[in-house]
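What follows is a set of structures to go through.
In what follows, chain A forms one complex with chain B and a second complex with chain C.
The block that comes next holds the complex of A and B.
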């Protein structure tokens, strides 16, 4: 894993943060676990990625060129765009323990955001309580985020199949009165 | 408060009058095109007549003919284009403290190398007594918006030379563009002390550019200049030598060259040039240029597609450098939908919007209060911010 930060927090609140990526288009995948070190190390799931103009009153326009032609003919535009990610806070680490509850204070503004290593993902996702906090949230695409997060977490575990069963049980508890939705989630997680 | 209903009648009248003159304008333009083609055939005699004449308007100096237009080659690769532009917060004595701010936009774009472009800006705050009360005509007087504007122009030119110097180190073709004229004619009205100071600063920038061998130009969009049209006035004058002060026709109703008024050089050349072509070199006869020395300014018109623009450059540019300059200006305008990308980005970097201005004064006020400095805006300014009924 690269030691360089991926992004920098530019807006922060109790349940989520917005961060500006260090490089254009270089983003952590949707649903991946990221961490923000600080007095408290916060963990969050990336739920939105957007690239737009730096200036609010300047919009990107279509040039009709391939990326290579654009780099050749209009090199300045890449300096005028930025990629931003939004991440949903799902836990934090304090005194060596990882807790799947909202951190007592949000990440500080201008903190760096790092991708989590395989070990960190494994340690954080060992318990699946975090799935519950993703429900009851209208701002994030809940089902898609759960699918992506569980699949990525499973890849980090030594026995992905076992992990999927564990996560499936948690989801079955959460969605016991919505069989269709549960079925749809399970089917897509297993793809 | 502007009453638009009261305005409307005047707007209607204005448009109707414009419409009438537009019909007449077209006929005069066609006549002007015929005249310039005729004059181009014996431009040497026109050149001599211009040299002998005393006119009240600026006449283009001719050395390379009147209509020998050139088709431009494609811009080279690799290539660097540097440009600067500026913007300001003018001194305002109704504000919390008298000071002014110049913000320079600095651009270096590299084509065909993959190198990251430079898009940045640099603010400069002026607040000392010397800044606010310069010596003008041997006495100290308050700085005016006009002087702030001229100071900005000087800084733009010096910053352009710095950028050109850095870009030229790469060893491939580099050109420098600035926005607007290189002829500081507005200095003519100033006393010699301040005029010399500003002009020397500007000429130092041009001298530094000359040292770097980077061709530079002022790019003028929608030019209103009439230097070439005025050469046609000389051509059409029935007198052997024009002397406008003693014009024998002035007392009569019709001055022989009067029909040319209202025509511009750009209007003529937009019908004489094809996109991608530029005119021969002409010299400006502006009075201030007598103080430019080796940096005397020449100009050429260039058809960039949507319009004809004027490129002003110092006379030390070789013919090859002028061609390079114009071909890059054309390429830049194509990339920027009619206006050079480097210049529009320089403007974007430099621009200070209303909200920025407010934030600037807010920062200043906060800092002054923290330091315990008395801070107060004028009553006039307070009333402008909120008027009671």
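The block that comes next holds the complex of A and C.
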């Protein structure tokens, strides 16, 4: 893997994982597709980004300085912080095929997490079945995640407009009974 | 089914009785789906040939209809199209064919089952149309009358079957009935399917006639030359219009019987007792009855003589006096052979167009049509009986098609029982005579006659009663009703019945130079050239002036 990894998996389960970022504040955008290579390559959508103190019992304190002044006068405090991402597993790649179902085993702890390239995003999001697995999930902000994921995926496609329609049709099927929600989703996706 | 065909949608529900419903594929524009269009459903075992009868907009959620996307919200419209808002198309399966036999030459069968869920629906292609309607290349009996909607393939009438029954051409005024009739007549003449007799009330079939845009089109005589003879009741009018009529028709009094008068009760405002009085006169004076009656000065004395009621007889006298004013009615001693000549032409296979010229009052038309048709009827019955006796192919009468306009005047419930046309419509098929009924008010025609019509070619009709009438005697009419009411007002017709395996909407063939050429007629310039060449080949070049 020539590119540097973004983060490292520190907690893993069947449906999601927690990873600690290599650098403070260097994070994949909310809703972006990341991958975790391993025996099988898992794909996940970033749904939560948090920066907090290394010590669970201590909290960062306000200094009243600009970031530049802070970096000059108190550089050590940045070493006491870490950025973590949570990602929701939505598919995996096995024997050259991309499947939009949960991987048979979660990513291993200490695996590296990489951002996906435009081609990878395009290949993965060509089908829009993954949108269904985002629904029925109480832990993630579903609507916001869908909006972000669809917008990012559309940017990777050659004809973003067409892709929006394709994804929109999938959403229309999922939200058959909730026209208002669909309307609001589509309005925000199209912004 | 081949992959390159255009997929229109999939079957979602249906029943054999009520027809089948298809969900239109999202990428197909609903405006391309027209009632009357011809489509094919690819079932597991069978292909089903269907006609589109209805198109409906549906939504999965009534909320959408309450808050429709704004006019600039294209994304939302595109997203909803085909998913939450969709188009349902009603199809009427007409014929079926086993998939395994689709490349064999077999006639399609009536539909006895329906395709399964999600069977794919395709646009029909040339081969399907040919398969069902035949093509002119397949035999002389096929005649191209137009194309299905949005297709270039010709739909053919099976003329052999067409002439077996009486047929109707219907449509509101101005929808192209006359052009349609000309096309059909030209087909009958060209393919020699039958010999035609046309009662040309408005002088439109024999010679040049005018289009609505003012230009002129050729008549049958100009297309088929001496295969068509023009008879005229009004030689003066024919000459004024520059028509060279072959014969002038005169009707001697002796040819007019009481049976010819009684159907005119409406036109003449005769009551029943007057007709009875006519029978009394005829009983005494036989075929001179009309001449004698009209020559009377003292009706009262005459009434006593024949034993009729004087008032009735004088009413009859007054009303029949109108007949005397017709220039074509002549004294019996100036016997005319026009009717025999017509018979003779028909026997020789020459098609006859009878022009009425200025004599186109309804009374005159009814009277003449009755008299002539009665004679034709007698002749054909005799000929057929002769043929039945000898069984000699040479004695077999030629199939005759009599074209009548304003047919409801002859075939309305009262007249159909009295006029000879009612008899022909009902039973003359056995005697090699059928009618081609041209009318704009089919609801005025008697039900029994309508139900016996073999093939109906129907242009646009709006009146509910007329639509009902045209569909009398056709099974499963629910879908066809909508199709009929949605036809274009020009050059479109629904063809149903005996001569086509399934109902079909056609864009009828244009009656233009190309058509004349296809019928074997040469344009004027080429005609001159050919004449020149013929003269050269006959007389040699030097002899010509």
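Operating definition for what follows: the second predicted complex is superposed on the first by the 189 of 191 C-alpha atoms of A that agree within 3 Å, B and C clash if a C-alpha of one lies under 4 Å from a C-alpha of the other, contacts with A are read in each partner's own complex, and residues count from 1 in each chain.
One rule holds for everything that comes next: a contact is a pair of C-beta atoms (placed from the backbone, for glycine too) under 8 Å apart; a residue touches a chain by one contact, two chains touch by 3 or more.
Note that the coordinates shown come from a computational prediction; the quantities given were computed from them, not determined experimentally.
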First, second, both or neither for A:190, with chain B first and chain C second: second
Partner chain in contact with A:129 - chain B first, chain C second, else both or neither: neither
First (chain B), second (chain C), both or neither touched by A:176: second
Touching partner for A:75 - first (chain B), second (chain C), both, neither: first
Contacts of A:23 with chain B and chain C, given as first, second, both or neither: neither
Touching partner for A:55 - first (chain B), second (chain C), both, neither: first
Of chain C and chain B, partner touching more chain A residues: C
Contacting residues of chain C [partner chain A, same complex]: 26, 60-61, 63-64, 67, 69, 73, 75-76, 78-80, 82-84
Contacting residues of chain A [partner chain C, same complex]: 161, 164-165, 168-169, 171-173, 176-177, 179-180, 182-183, 186-187, 189-190
Contact set on chain B toward chain A in their complex: 107, 109-112, 114-117, 119, 335, 341, 345, 348
Touching residues on chain A, where the partner in the complex is chain B: 55, 58, 71-76, 79-80
